[in-house]
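What follows is a pair of complexes built around subunit A, which joins subunit B in one and subunit C in the other.
Right, the complex of A and B next:
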């Protein structure tokens, strides 16, 4: 039975030093080591080299997978919704560290995740990057305030309605349309830019918006459809044109990015792609072509794949590169899209995202060629700790 | 086994969609020269082999097979030939499955199939060439299913066998409790018994009500139908049944009678472990256990021991990996269901979890990933389902005498990077990916010409539009023209 539990096999549960060998070690630095070995000491990678033997053996090793849109802990109570623009709110304060979803992600190979505020507001707040396993919230946090997150599209105005004619309720508020959502974005950034000169104009969240304008804080916007991606890119370009700031833009759930890849190329926008769907139909009325990842990667757009925290095993992040490869994405690009690319987008590539000496020992052990449907994740280490033991798998 | 329908359908096939090519008819000869042939689970693979199909059946297969002079040849040196996958149970492809009437053994899937439904196209696209379509799971006795091949414009062209069995469910229909469900199942067979006894009683009294009703309904009362036959069956019989001419039995009773007489297979749905016992009891009480296949949801894996002990086969209807939550601790656990079935000794087939990304190839591939030998995993989507459907001699492997149903893949059939390139169903060349406009839409978003497909770009030709807010469109066009001119000039110079 494939339960993700530690078994008493002699070594301590807290063991953080290992030697692991594999037929192929995919480092995600462009290098693949045949018959390679990774040594781990005190939770960090000590060396990646040729050689066999060791405590654990498997077919292949890749870096731990990184999901920038994992969508754990995203119910309506997880973030303040009294205003449409709450850039100062931190989703980190709303995390339930005991949720089963962490273990679910960890045992399927996801070792770092970015948790973003809910898309039901225009500017939801600050994202956080955490490990999927570990001792304490503090130790698990890889990067606090990793991005400012918001949404364009139908989600932020969903259910909202004007106050007249109906008794006031939570949804008696604006915006009620996509136009309104865009106006909120532009006003927020314009006000933040004005507050640079006149401190009296500053309010809660102004600082975060100013950081995003200065390019010090990545701005991550959920935009499923091509019209929403356009809105996001045009917002960035408008702010640059007006001399108000230079956003580091990332579009999340960019299902229709295939329609106008040039938009992302010319604006140097990175894209997080949603999970592939069985029919091509995706959320918010979008159509997600199977070759989206390939088209974007070939044009030099930095892409990351995501699994949206699916409960079903076959829909999780470890299967997404397979779908992308079916759509024509090369293996190396698929590997990058779940390891080093998301690490770079979130600004955590000094610690995770590839197998290099000194980086965190976040490893995935595979039973066969990674991302193939005929392969399974049989072992996972987070900070050198075994969260899925390959010796208990496929028995 | 009824004789199969083997008339030429080239014209209908050509009409049905662009992806149906009509290179050869069933009664013609077709030869496939494949780079590799994987004839079946556990069978040795052949390099550069030829498969000759005559009259819809495989006439020869091997490396040194001579191609008949009059055969249409599919030359596929880079493709891998495999037997088409067999879907042992599916409630797709219908206008809507019956989940409305509780006890409706007289309803047939045949009347609900939509031959031009996307489901059948998808099936071909993912290499599924035989499908047992059954009514839905949310029922008591839902009706009769049919086995089809996913080609043709009419249901008759599609049918391999009708009826293929009766669909029953041991899981409570919506609004039912486990007890009312079991009672409804027992009542269905109790009512059958009483109706049959009444027929006998009426005959003894000299009543001709059943005969008049049969004539009124226009039923055939000649030949075999004019004769009465003693009731067969392993569990219970109505004495004196030979007095009733078979043609006089109400059509509504016939399917359940066939079940009790052991003449029709049963597909019994079990959504939970506890349902397995109900299903097995009902089947035993009414004598059709030997003809029963359980259709189980992944959750029912806990009853694997009971399934194995009853020596019935199971079709796994859902994901291979079941995620269950401990009700006490809230802790999640993942169970690889085919592994549990195998451990318990259950003979099982896998069904698609969805018709595309989690079609049969994916289900088999997942089993390999979880440590099952490849031959066993492939058997669960080819030979085992073929045997469950009583088509073991016709389908499941590529062997002389079996149906000439061959799927040609671009590479390893279980690899994520492989695509189904060509499909031949009983000697008919029915699918060619290079002509499949919808697969182009799925992959690249290009809408087929002259169609408005959901998600197709409203902005004109996708990927050529460069949006330019804040840029003067005329300026942009001028700039583009200049760029083009520059590029053309460069190319012209290169030519020199």
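Right, the complex of A and C next:
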């Protein structure tokens, strides 16, 4: 696949080795270095240490931000709606590498993103983690098949009900209710489990479902409301109880997780939170409390913040930690929620998510204290390449 | 330019009654555009039984024979439209099935349709009748002349739709992923039209709109070594290198006044990479005159005039798979000749006569005897 555009100026376009210093280097390993320096060599972090000077200077450096719920695909053309369960379909095959959204994400500090199939499907297929800039699709892919993704809630069933009459003819797309959605999930996993014994029961996607059952493939389910988060957790618990599998569950868009945090605690489920809203009202009729991140983090739930594919600039990931902190989340936890936590959830923490020698040189340069309203992202490096040049930004 | 026009107005009628209906004659033209940038002043074309037996300067022509047509303007090969919906009467789509690969435009096209007479009056003598892009495998194109009778190639190309227009939310497949999977499954079939495509015996027309769709189309063609052309692909020029590597041509247009600068710049970029570019129409939905206007728009945006002319003639004929017969004035080619008031690349030049297979169908005063207006 072709080159996706880099956003850089002039001669530094191909430069992949840098020395960058800052008043504070937030490594996301629990360590903050005052008057610190990051050296980058051939796109990798060579060292993180005390010291000043270098090619670029700024107020603070954090690891590149990671958003696990991003939409840069071709809308409905990216999912196969002729079936409700399409675990084998890869969203990677339907990406638009030319979308301007890549640049917007990169320039706002997001360096890795997980792209998920649209929630129109019950089981949409395989997600992919990619860098937001780089030379080719191949080089940009951090992790292919990073999760099996699907949805619980009204999204997979809404508008399936015909305008009039009953949805019981074969012209209607199924399912038409939340219960129908849940049934699709349970049947899919049950059939996949049965297909272990009887190969005749296997079909397209059976393999992916079996991998999820075995815990080899994270299962990411979009569920906004408590009702739907419950359904997801109950599904995991039921499958474990019946001895059919051990899901590694992640709930995406877990807006109402604050209502029953124990559900996530007891099932060791990670949560990706959607963007905060002005009134707390969020999608699918949910209410997303400002202290959700705080409540979950304090109970030990692994959380990641996300922009959930927001097109509005004010809803991008770089602003979410500020709102989470306004709701009571500690700075360290907020930083983790956009760096090392999402890296761990997606299984890419060996490469990205913190500033450590040997990791990818994905860096965000800030004009002031990260996530504060008066601070801005003034520089971004992806794999050591400058996609936003701090020298061209107003400090 | 103006002088050509004046000359044409003053002198052109002289040839009018000369050879209507005959397919053996000699044409003397003030300017002959043979092919590419090969222009001969004071040129001669000899035609015997519908074929060109000589095209060049007067010196090498030898005996001119009794039946001589004199044209004070320009003459060139008839234009080739690498895509049209003419003559189908809206029957070029079977929407109930996403894969109608064996459907043939040749089976439904009406050669005597007024669409073709209109095209002819614009100097277009050969057209690739393509199908609607709203199916994943739309069917097989056909290559026809605009004389109301001649089919040059019953099977032109297998037309595949890789744009979002080929996908529906209420019919399988709804996604790019499944569409590509299905095409690949069909390509694995050992017989029929897909086998011919796989073996390079039948080329493909790959319809794609956005750059990601173009990318998928090019990847498909490369992987399965398909030969042929991309259809529409407005920003193909931004992927010119990849398209070149895959060995594909691009059928662009139609463009009219007001076309986006970026789209026109894309055609220039294709030309710069030496990707074969041919112009196409969407007539009857678009006026046939837009074929030449498309080339003019691209020239104004920077496309090399020679490439623009080839896109209207030789390249288009090659893309259509009939390059040996039409698209240039050369010995052995069909005598599809257009008489122009001036240089055919200029917008203001008008068609003053059209011969197809040596038979005159248009003349300055209006349609010739073959006209079906």
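One rule holds for everything that comes next: the second predicted complex is superposed on the first by the 369 of 395 C-alpha atoms of A that agree within 3 Å, B and C clash if a C-alpha of one lies under 4 Å from a C-alpha of the other, contacts with A are read in each partner's own complex, and residues count from 1 in each chain.
We take it that a contact is a pair of C-beta atoms (placed from the backbone, for glycine too) under 8 Å apart; a residue touches a chain by one contact, two chains touch by 3 or more.
Keep in mind that what you see is a predicted model, and the values were worked out from it rather than measured.
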For the combined arrangement obtained by superposing on subunit A, do subunit B and subunit C clash, or do they fit? fit
With both structures fitted on chain A, tell me whether subunit B or subunit C touches more of subunit A's residues. B
Where does A:238 make contact in the superposed view: on subunit B (first), on subunit C (second), on both, or on neither? first
Which partner chains sit in contact with A:289 here, subunit B, subunit C, both or neither? Use first/second/both/neither. first
Name the contact category of A:376: first (subunit B only), second (subunit C only), both, or neither. first
A:325 in the overlay: touching subunit B, subunit C, both, or neither? Say first, second, both or neither. first
So, does A:308 touch the first partner subunit B, the second partner subunit C, both, or neither? neither
Quick one: minimum Cα-Cα distance, subunit B versus subunit C, in the superposed arrangement, integer Å. 6
Would you mind listing the overlap between the subunit B footprint and the subunit C footprint on subunit A? 1-2
Enumerate the contact residues on subunit B facing subunit A in the complex. 319-321, 323, 325, 330-336, 340, 353-358, 361-362, 365-366, 368-371, 414-417, 419, 441-445, 454-457, 459, 462-463, 465-467, 469-470
Of all residues in subunit A, which touch subunit B in the complex? 1-4, 100, 103-104, 107, 226, 230, 233-234, 237-238, 241, 256, 258-263, 266, 276-281, 286-287, 289-291, 295, 311-314, 322-323, 325-328, 367-368, 371-376, 393-395
Mind pulling up the subunit C residues that touch subunit A in the complex? 164, 167, 169-178, 180, 210-212, 215, 219, 238-239, 242
Subunit A contacts subunit C in the complex at 1-2, 74, 76-82, 89-90, 93-98, 173
